[in-house]
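Here come two complexes built around subunit A, the first alongside subunit B, the second alongside subunit C.
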Partner chain A sequence: MKFYIKIIVRLKFQKRRALKFVSRTIPHSGGYNTPKQALGSIPVIVLFIFLTAGYAHSAGVTGGALSASSSGPVELASSSAHVPVQTAADAANPLEEEYKEDEVSDNDTGKAVGEEKAEIADPLEPVNRAMHQFNDKLYFWALKPVAQGYKAVVPEPARISVKNFFSNLGFPARFLSCLLQADFSGAATEAGRFTVNTVWGIGGLLDPSSGKELDLQMQDTDLGQTLGVWGIGQGFYIVWPVLGPSSPRDSVSIAGDYFLYPVSYIDPWYDWLGVRVWQEVNATSLRIGDYESLKNAAVDPYVAFRDAYIQYRLKAVKARKAKMMKSASEEAQSPEREPAVPKKEN
Partner chain B sequence: MKKEIFAKNFLLITLVLLLIFAVCPRIVAAAGLFGAPQTVSKEAGGINTAVGYWYHEDTCQNGADHKIRQNMIYSQAAYGAGNIWEIYARLGVSDLKIFDVFSSADPSTATGKDDFEENWKFSGTLGAKIFYPFNETFGMGAFVQGTYYFSNFTDNVSGISGGVPFVADLKVKNLWDVNFGVGLQATLSCGMRLYAGPYLYYSEAKMSLSAAVPGLEYAAGNVSVENKSTAGGFAGADIPLAKGFRLNIEGQYADRFSAGAAISYTY
Partner chain C sequence: MKKQIVLWGLLIIFILSVPAYAGVPMTTAEASVRRVLDVLKDPKLKSPAAKEIKKEKLRVIYKDMFDEVEFSKRTLARNWNNFNPAQRAEFVKLFEQILEKAYIDKILDYSNEKVNFYQENMLSGNQAEIQSKIITSSKEIPIFYRMILKDGKWKVYDVVVENVSLVQNYRTQFSDILAKNTPDQLLEILRKKVKAQ
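Right, the complex of A and B next:
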């Protein structure tokens, strides 16, 4: 569910793009004549992709034409392939405006990115669709009603504090991810954030680090992005029950982040489950309506979510790579690296 | 005119309260920094948080005097407004050492150690302060704060009494204190605040020894122990650092000297 929630905001901006790409993807998305055929070939495909293409897949970034494989990658619209043209209608819409700012910033880092097409194979589409449907029902039948009740009882500042608290507990995964990406300034920022928020933020309930004065922003990274930075591709699209959209690479991240998340070590298991449910309900209560509006805006919500998820992840990995390159170039240009020139004495 | 009347009343009220505390039966303590009389929260109202360390020494008594020592680490959250008032809450952990409490007064009893020692126990503190500025530089404030320890401190002693070996537990239960004081504050141009003033305090705990051992106190069970002195003085400085942080250092002297420091952050 957490990936659904992460991408909801992105999807709001990508409504038009989703509509465009849906028309392109639908002919590619199946490749199977019947669901039965598709289901029958799933184990073989999964095994094959895991063993051959999954983890060894390139970063999903190509400059070439779309693969013509029947169960192959689905081409997604590039987030940086064109320069946005502002219209009067766009200017009147701040959300669109923000989205375009993102695009511009993509183009700023575009030297590293170039003309790209994000691709994702979806060989498990029938199963994924079923899982997507399951998650959708889980949201509407369980999570949303509980979150609405919770929202009615708990005031917003308290819910934000709870969110801050759990976010602060996610420090180990973010810190390690930064280190594994050789992003030492990011790791230092995370360490500083954790210290300040834990000590002066009442155990993480408050977030003084994000204030104007300290300006230590959370590093939006995880182990999946780390693998992406290392050049490991997404593989193919998976929708996990409860957890939501993912890929083999990001599934590794789910497992890794699980072990790095202190809540995972709560014992007995039902206490852990209770805390995790509370965390999800609290998070959902802060964004009720986002998922609905997105779903209503999409012609095919499954495809829209898949598109948004892959682009979101691709963009995140690109941003991390760009940051790495930037810090590496800064380090190379630092005066310490230049040979010392002795001063002339008069 | 109104301001002058308020100032006179404020002084009168605080002096009366000090007097009431001074003539009250016995008073004791172990609390942490009192802090500058004026809140560090934004004038419009806001939270400030702090983390602090407090080294506390005092003398408690119940017949015999015993020096006590505590090291406290605490986290504080406060809300203040208008530059004149603040309420705060602290959660702290503290150890406790009571010197010579296991020393036997009976020559037939020999104990393995003299001092009571127990490690970290949680405590909670609630407090409030109010400040009245005379002008841009000087002002006066009053505060009240109380601390309660949620769990008991326990230590055991072994030894030989009349040729018979023994082991006994000593419990320090329901340790609490309350402090009240007034302080004068001077604000320097750099934003540093210097403050000093008198305070009164009362601290109490129930002590009980699990076995009646000749020469050892508190075998009667739930014996009240209080602090020896009832009044003291405090002085400190609240120094602005960078990016919203402030350093508060403070010393207190009643029967013995205590000191500590805290770093606060203003939201």
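Right, the complex of A and C next:
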């Protein structure tokens, strides 16, 4: 918005200059009474702005946020030169156009990638589909009605507190995962969060650390991601009854996270089960409707959930890896040199 | 004469040095989302009877914000080339209906959650990813819009919710179906789905 104001101001300024200039330089056509000439120069100015605006975008880009590639200027030239020609044909019928693979390659953008492939082998598909059906019924017949009743009785702030409480107990698994990923700042953040939330957040019921003052955000990581960061692939797709989508790699994390989760050590097993069910019902009560709309939107829900799971896990591991690389490169480079790098690339 | 050249030269340099047009895709996406929110918040449309009017208004914004052909094309990927123009047209229409029916109630459920646009990444000269998040009382949902510049207008061709790309998600489903079925059979599946919804 600021930018538009700038243009307008500049435009006004230029208009005034142009007025004076025109009146001074072309006296034979109108002397000092020159609104007509001034008006004549406006389209020229506007034309220039339009011509240049197309370039301006890709050339400047958004600060250091994007790692612009060297192909930037080339593409931009083509986008402003070719597009108008294409439009004439396309405007008639974009449906006639054939699909082409994206020119954006992963290599030169590095961070922000247009399309990436996330696929997983599914040799157990028939069994998995059956398990998917089972979990689906479990949700609609048991979990959802219970969660709805619970939601009707327990007000939302209380349910959020319960969620915070359980998530605070997940600290050991997240802390260890951060350490195993050599993400020491993440581990420190987690330790800080645990202390602050346990002491000041009434045993974890509140989450004061993610507020603006402290800004200690939860490190969303687990042992499965840790294995992923170490370079271990997903393997194939598994749908566990009750626990849902997983893979051999992420199943390791189900086991590991079990042992690192304090609730697992509650003694009589039925108490443990009760607490786990409560946690699950509480969590579900905060997101009733999400599963339904995802399922409704899908043409083949089984494939849709499989793909969503794989995409989600892949991006999470990628984000963790990127964080690791970043902290490694920060250690390697002196802090003064660091900010210069993105500029050079641009 | 010299002065004239100098002045025009200055003028041209002046204009060419217009600062980076940072944020056009972001402003476009944000403006559209704000328009959606305005419709949802409109006190005149609060009554249940006004639901259809709301839907109609949202449809107009959707058409303006999304490039539905690009969306469909990317979803079908290479399979798009096996569809003839008539099949493509029908596919675009059916796909749009499925999405609308699946998500409209979620959208109409909106109750003053905050929407925050915070970053723009250029993916290439004519593609950008706009990052936003919806802040509800219990969580933050990251929503990224992938946009493409066509005919001087930025339009959305993919939405990434919680790191899951919609285009990619449907692409997996459709390619799975098209591995065993013809385009006509896929269209039939979609027609049935639209009816059932």
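Worth pointing out:
Going forward, the second predicted complex is superposed on the first by the 218 of 346 C-alpha atoms of A that agree within 3 Å, B and C clash if a C-alpha of one lies under 4 Å from a C-alpha of the other, contacts with A are read in each partner's own complex, and residues count from 1 in each chain.
By definition in this document, a contact is a pair of C-beta atoms (placed from the backbone, for glycine too) under 8 Å apart; a residue touches a chain by one contact, two chains touch by 3 or more.
Predicted model, so just to flag it, every value in this text is computed and none were measured.
In the superposition on chain A, A:Phe140 contacts neither subunit B nor subunit C. Once chain A of one complex is fitted onto chain A of the other, the partner contacts of A:Ala316 are limited to subunit C, with no touch recorded for subunit B. In the superposition on chain A, A:Gly211 makes contact with subunit B only, while subunit C stays out of contact range. Of the two partner chains placed around the shared chain by superposition, subunit B is the only one that A:Val199 touches, whereas subunit C remains out of contact. In the superposition on chain A, contact is made by A:Ala298 with subunit C only, not with subunit B. Set side by side, subunit B and subunit C differ in how many residues of subunit A they touch, and the one touching more is C. Chain contact summary for the complex, subunit A toward subunit B: residues 196, 199-203, 206, 208, 211, 213-214. Across the interface of their complex, subunit A is touched by residues 3-4, 7, 11-12, 14-16, 18-24, 27, 69-70, 73-74, 76-78, 80-81, 85, 88-89, 92, 98-99, 101-103, 105-106, 109, 119-127, 129, 137-139, 146, 149-152, 162-165, 167-170, 172-174, 176-177, 189-190, 193, 197 of subunit C.
Every residue of subunit A that touches subunit C in the complex is listed here, in rising order: 1, 3, 6-7, 10, 14, 17-18, 21, 25, 45, 48-49, 52-54, 56-63, 65-66, 68-69, 71-72, 74-76, 78-79, 83, 87, 90-91, 93-99, 103-104, 109, 111-115, 118-119, 156-157, 159-160, 163, 286, 289, 293, 296-300, 303-304, 306-308, 311-312, 315-316. Looking at the complex, you find that subunit B touches subunit A at residues 47, 49-51, 75, 77, 243-244, 263-265, 267.
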